[in-house]
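Labels run A, B, C and D following the written order; every chain starts at residue 1.
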Amino acid sequence: MKKLEKQQVFKDPLYGYIHVDFELIKKLIDSSLFQRLRRVRQLSGVQMVFHGAEHSRFSHSLGVYEIANRFLTVPDIKKALSERDKLVFLSAALLHDIGHGAYSHAFEDIFGVNHETIGAALIIENEELRSILDAIDKDFAWDIASVLKKKNKFPLIEQLISSQLDVDRLDYLERDAYFTGAAYGHIDLDRLIRVLYIKDGQVVFKLSGIHAIENYLISRYHMYWQVYYHPVSRAYEVVLEKIYLRVKDLLLSGFKFEGNVDPLKRVIDNPNDLSSYIEIDDFYINGLIASFTKSKDNILKELSLDFLNRRIWGYINDTLENKNKIEELKNYFKPEELKYFTSHRTVENSTYKDDEEKFGDKIYILLDNGKISTLKEQSKIIESLMLSGTKTDPKFFYRKR
Amino acid sequence: MKKLEKQQVFKDPLYGYIHVDFELIKKLIDSSLFQRLRRVRQLSGVQMVFHGAEHSRFSHSLGVYEIANRFLTVPDIKKALSERDKLVFLSAALLHDIGHGAYSHAFEDIFGVNHETIGAALIIENEELRSILDAIDKDFAWDIASVLKKKNKFPLIEQLISSQLDVDRLDYLERDAYFTGAAYGHIDLDRLIRVLYIKDGQVVFKLSGIHAIENYLISRYHMYWQVYYHPVSRAYEVVLEKIYLRVKDLLLSGFKFEGNVDPLKRVIDNPNDLSSYIEIDDFYINGLIASFTKSKDNILKELSLDFLNRRIWGYINDTLENKNKIEELKNYFKPEELKYFTSHRTVENSTYKDDEEKFGDKIYILLDNGKISTLKEQSKIIESLMLSGTKTDPKFFYRKR
Amino acid sequence: MKKLEKQQVFKDPLYGYIHVDFELIKKLIDSSLFQRLRRVRQLSGVQMVFHGAEHSRFSHSLGVYEIANRFLTVPDIKKALSERDKLVFLSAALLHDIGHGAYSHAFEDIFGVNHETIGAALIIENEELRSILDAIDKDFAWDIASVLKKKNKFPLIEQLISSQLDVDRLDYLERDAYFTGAAYGHIDLDRLIRVLYIKDGQVVFKLSGIHAIENYLISRYHMYWQVYYHPVSRAYEVVLEKIYLRVKDLLLSGFKFEGNVDPLKRVIDNPNDLSSYIEIDDFYINGLIASFTKSKDNILKELSLDFLNRRIWGYINDTLENKNKIEELKNYFKPEELKYFTSHRTVENSTYKDDEEKFGDKIYILLDNGKISTLKEQSKIIESLMLSGTKTDPKFFYRKR
Amino acid sequence: MKKLEKQQVFKDPLYGYIHVDFELIKKLIDSSLFQRLRRVRQLSGVQMVFHGAEHSRFSHSLGVYEIANRFLTVPDIKKALSERDKLVFLSAALLHDIGHGAYSHAFEDIFGVNHETIGAALIIENEELRSILDAIDKDFAWDIASVLKKKNKFPLIEQLISSQLDVDRLDYLERDAYFTGAAYGHIDLDRLIRVLYIKDGQVVFKLSGIHAIENYLISRYHMYWQVYYHPVSRAYEVVLEKIYLRVKDLLLSGFKFEGNVDPLKRVIDNPNDLSSYIEIDDFYINGLIASFTKSKDNILKELSLDFLNRRIWGYINDTLENKNKIEELKNYFKPEELKYFTSHRTVENSTYKDDEEKFGDKIYILLDNGKISTLKEQSKIIESLMLSGTKTDPKFFYRKR
């Protein structure tokens, strides 16, 4: 577990500095695969509504690492993890998004891949990453992959990386709030860390910190409904998905594209073609979409112009009372256009899915008498948030003429 | 001067909201040319050191507009400008960077174009912009172009848009500080606005606000030396410039590129080919550089890999005492590589030029007795900053092997 | 409605500046009675837990005024209020706490006075205030008093000054959060102002702003339970109340005090003795308590030492299961001490009362179809917060030996 | 060096939390003498201009302790200090202002005492403090006193506690900026700590951090001229000083006061009467001044009314060209009033003295070659600030009629 001669830092607008002590972490950050995350923005369509939200998964990943680093100051975590475990934790935190491609959700939906599976595969198969990780020991890469795939070999680390209150969410809520300028989303991280304990291998929070958890969950609730589920963001993501859909259909029909669609083609042919997959970053996709604005295919051309020039689609609530209106809207399109120019959607098939209903059962509270309860049992406000959190906000989106 | 039925706002992390009252402004923001600024990042190489600095010229341009909007609350400005003048001011503030391309400085240096000239030309020649601006009156587009070109038709507006203390700098210092996380760069905008007066057509600041101005200039000094002139940022910009240089040389030699270099070619052939120029945004250039990583030309390939994988070049002070060392470093390269893999540079040929020496003479102070003096005469600290601000920090940059 | 020649400002850490345009407001701020609020701290016992919370009602009152000032930019409010009404609104906002004495709640409970009644009386009877207010017109003072007493002469202004979402709360939640350092309590004031409308004389908020209201109410909920109802704050307030109680009992028994208790005596004798009442600020009471530390009366002496040296009392939940423990604790005290050294309390008899149950019914939401609904009907999260908000947290407090 | 079972924290608006690990520190904080600092405000007259600045020396002292605590993470400091030395450092940081009385500067000037001497004496002589400190060892109290008196027994700790860049200044600049709302005064503490080294027992800062130091000194410069030396603050302090002067003269003449002036009298008779001295806090003095508003002595009465009702005195520059005007102003007063109702002052006899001229020579810079230089030699901007920093801003203050 070799340490750097001198701690290296990265200036961060949220935490002041990101602190790097281990040589391993430094090398992972410098790897091409991690640097590639600079070219994948964190919030797809959201930046069309909140212009400040232009930050990348690179910044976010550094932030998640820094929070993991601060979690390591918690006495119970310090005790529970060996030195090697700590490195597993920090590395997994840093690399948790390594498999993300451009506008992942839409991409994955259309092309049938999954960024988590790909992330784990990259950690095992990418030569550069592998040579860095193998320097620890020959199982190290596999162990990080196992954490990301939740194989239950490191149950505590898995909880810390991915659960209802984890290092990933703690960074992105705060970071997305900072860059969007949303008034909500501020989290009392210091307090949460101070009330975090490990009991029988389970992350628990002391009852005295319950207000900080309530506040975190309500911030999350507001960030989802105010920012991530903003109808204009959703409209914008629909456009992107339709572009992918049209590209896929054209590819399968043997259409001749002007831009270089080879990496996409190879991924469709073989979803395990990792080297092609990692070429597909925002820079690549955006360049491609720019080239599509001159496409001979009119549908692709129009969708691409919508995307680049921010022609936001229309939307209305997809409810019974709007049934006729929606039919009318659909009638404006030619049958062959309908598939590409309209969409019925709920937030459940949005980029930002949040299984809100269950959070109260999955966050554990350590009572003063030493017993463990759930958040839902201890907090009326959360119990009710769980009940209120089930709305799916179905909307019909359509290209405006 | 048609107003929107209801004021429209954009959530901004710095100012809370950007407020839009005029239909004209709304339409300009929605135009493709303005939306294109989303695809041009504000800080080229700086983001390689300060990972938070991923914001675009779109955000910055909205910010400059908002500050102009607030300047319109200053009694003296209100009085000095007609309703039409106000629209000229707001539009010019919004559009001041409309001619920016990808990584402009390096681009302009190599390809011999100028974003300000292009910006003015776009305002006159771009059909979409023109149809929006002509709705005010037939001279309106020309008037905005004249402000950007400083033709002295609107001397007051020109001062407010571009001088030693203008709406452009007030936004970018504050915004770049916010996104980088730099501790410096915070400006007391409210105070500056409160002490701003117009005297004989000249922007002046009351003596009682001199501390706010000192603070602004020192923040600016720190932002330049801490952020914009950070040696790693400068090293990164050198790489970019070398890529442009190699592309240009290869183009002239008739080399066959893999990626689509047509827009670049057309701009070289005809610097007035505006429609080609505006295709050259960050998305396009980054996609191109990605394609260069597979180039048959080795120099282009290596430079592109340096750029994408953040292989930072080395640098040492370009001083007499390092003369031998620099010669030694140069000897490692083949003669034909030298032009592409090494660079002697001062901050004066950096992307971020700041004519610091003169600021004290160009900011005017309104004394209590009604006379006008200069900042330099009134502030010893600024007088000395002017003397101390002349360093050029010459450095020799070289590709690491 | 005479305006100042030049707008005057006060630097404020929350809002940047407090802006004063009217001569009337300037004169009210400069009056002795308003300056007296510098000597009355905003948060009594809370500062014993949150050491930053040392701010006065003076700062808060300026803040409430500033928010009122910003409310006047709302189109519907602008339309609904005449020029004179606006001054009534601003003055009432500024003076709403003018009747506050030192540690008011405890004081009022023991001595049977009420700061709102006194505030209204002061506005009518204080010579200096009266001469300032009469300069507007002879009814002006009476109108402000009528607003503070909610006489329904100015129903809209009364709503804006004191309701479930009013200028008073908007300032104190944000201000108390700022000074305590509480992570919660941040309110999206800009957004709330943007969605505020007047409908049939009723303040309503557009449905699209419901998240900002939810966030406000949840911030309020957290500020109450995290800050205002912090058990140590409550313990500290109990001590203060017991001091007042002992002083009162001793006064009635003819005890000879060392300090100057005359103003207290006169207020007991005649609760309408306003000139004595306004002498009773924090400076006076704290000086008095300091003098009590040398009192010949042992109970008063001990209570005063507890207060000055922050000897926090003990507390346990006042529940059935603790019944025996409480009895045991009581047994340590002599019968004559019990009244002064122990206390059964719920948050309902705390300084900070918050009628939480009803807020959802009293905030009105303007639906897209123009109909008016209540917050409770529109927000499941608020409906449930209303249900969850009924806890009274009964505690038994006792002097530690 | 007994540690607490569980780290205790105090919520702080600047640093999130103040962290207490040692039992000793906890006990010192709980002592009556330290709690007394809650009753001594940090900024005397400044709060009359900046209404937010109502914070006490208690908050500031906790803050200085916290910064000292963070300094202990610096590798070189960790190495240089034994465990006991660390406790000496933390305790001295916490107690550095323990000798402060109400409105100290004016008080000390008139009554001939000195808060630093008194602080050291209290540490040795106060029973409660002594019993806490003696628990470490019998020399401990003496060692802390020796640090505060700069006896050179602990030269490194003395530098850290009190020099041109010390834990005291780092807290108060940041804290005073936070509470006043001043736009300046923000310091990059993290960066300063990262570049701090010890070389031959001397605190030095690496050249790479020179911008953070420049920024600190310029912030300090702005805080002094914008906040501490604000003419209205100075005017207010003059009033206070005149009150003290009048009280002293009346005491010596045997005047019968209405309020309890005994503690003052005892301190005049015997400046070493510590138990009387510590009774003199803001609460006491403010109570006293309130009682003076009914004094039979007219001068004392008027001064006290000026103080309580914020009747700010007038002021003009005390320059040759204003000589006649000043004479004229003096002529309005009766000869016996002149001493109490007028004052010639420079910032050098202000509460806030800042020996600015020398800072550049006293901050040491560690060059890349290992040699030590001074800040002045390395920073042109500081060199010039030193030259510009000599202004004394002489003003004549006078009671307005």
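Just so it is clear, contacts are C-beta pairs under 8 Å (C-beta built on N, C-alpha and C of every residue); 3 or more make two chains touch, one makes a residue touch a chain.
Note that the structure is predicted; figures quoted are calculated from it, not measured.
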Remotest chain, chain B as reference, centres from CA atoms: C
Between A-D and C-D, the pair with more C-beta contacts: C-D
Separation of mean Cα positions, chain D and chain A [Å, integer]: 50
Rounded Å distance, chain B centre to chain D centre (Cα mean): 44
Inter-chain centre distance, chain C versus chain D - centres from mean C-alpha coordinates, in Å: 32
Set of chain B residues in contact with two or more other chains: 16
Touch list for chain A against partner chain D, complex: 9, 16-17, 190, 194
Complex interface listing, chain B residues touching chain A: 10-14, 16, 30, 32, 35-36, 38-39, 47, 49-52, 54-56, 58-59, 62, 178-182, 259-260, 279, 281-284, 286-288, 290-291, 308-310
Contacting residues of chain B [partner chain D, same complex]: 183-184, 186-188, 191, 211-212, 214-215, 218, 221-222, 225-226, 379-381, 383-385, 387-388
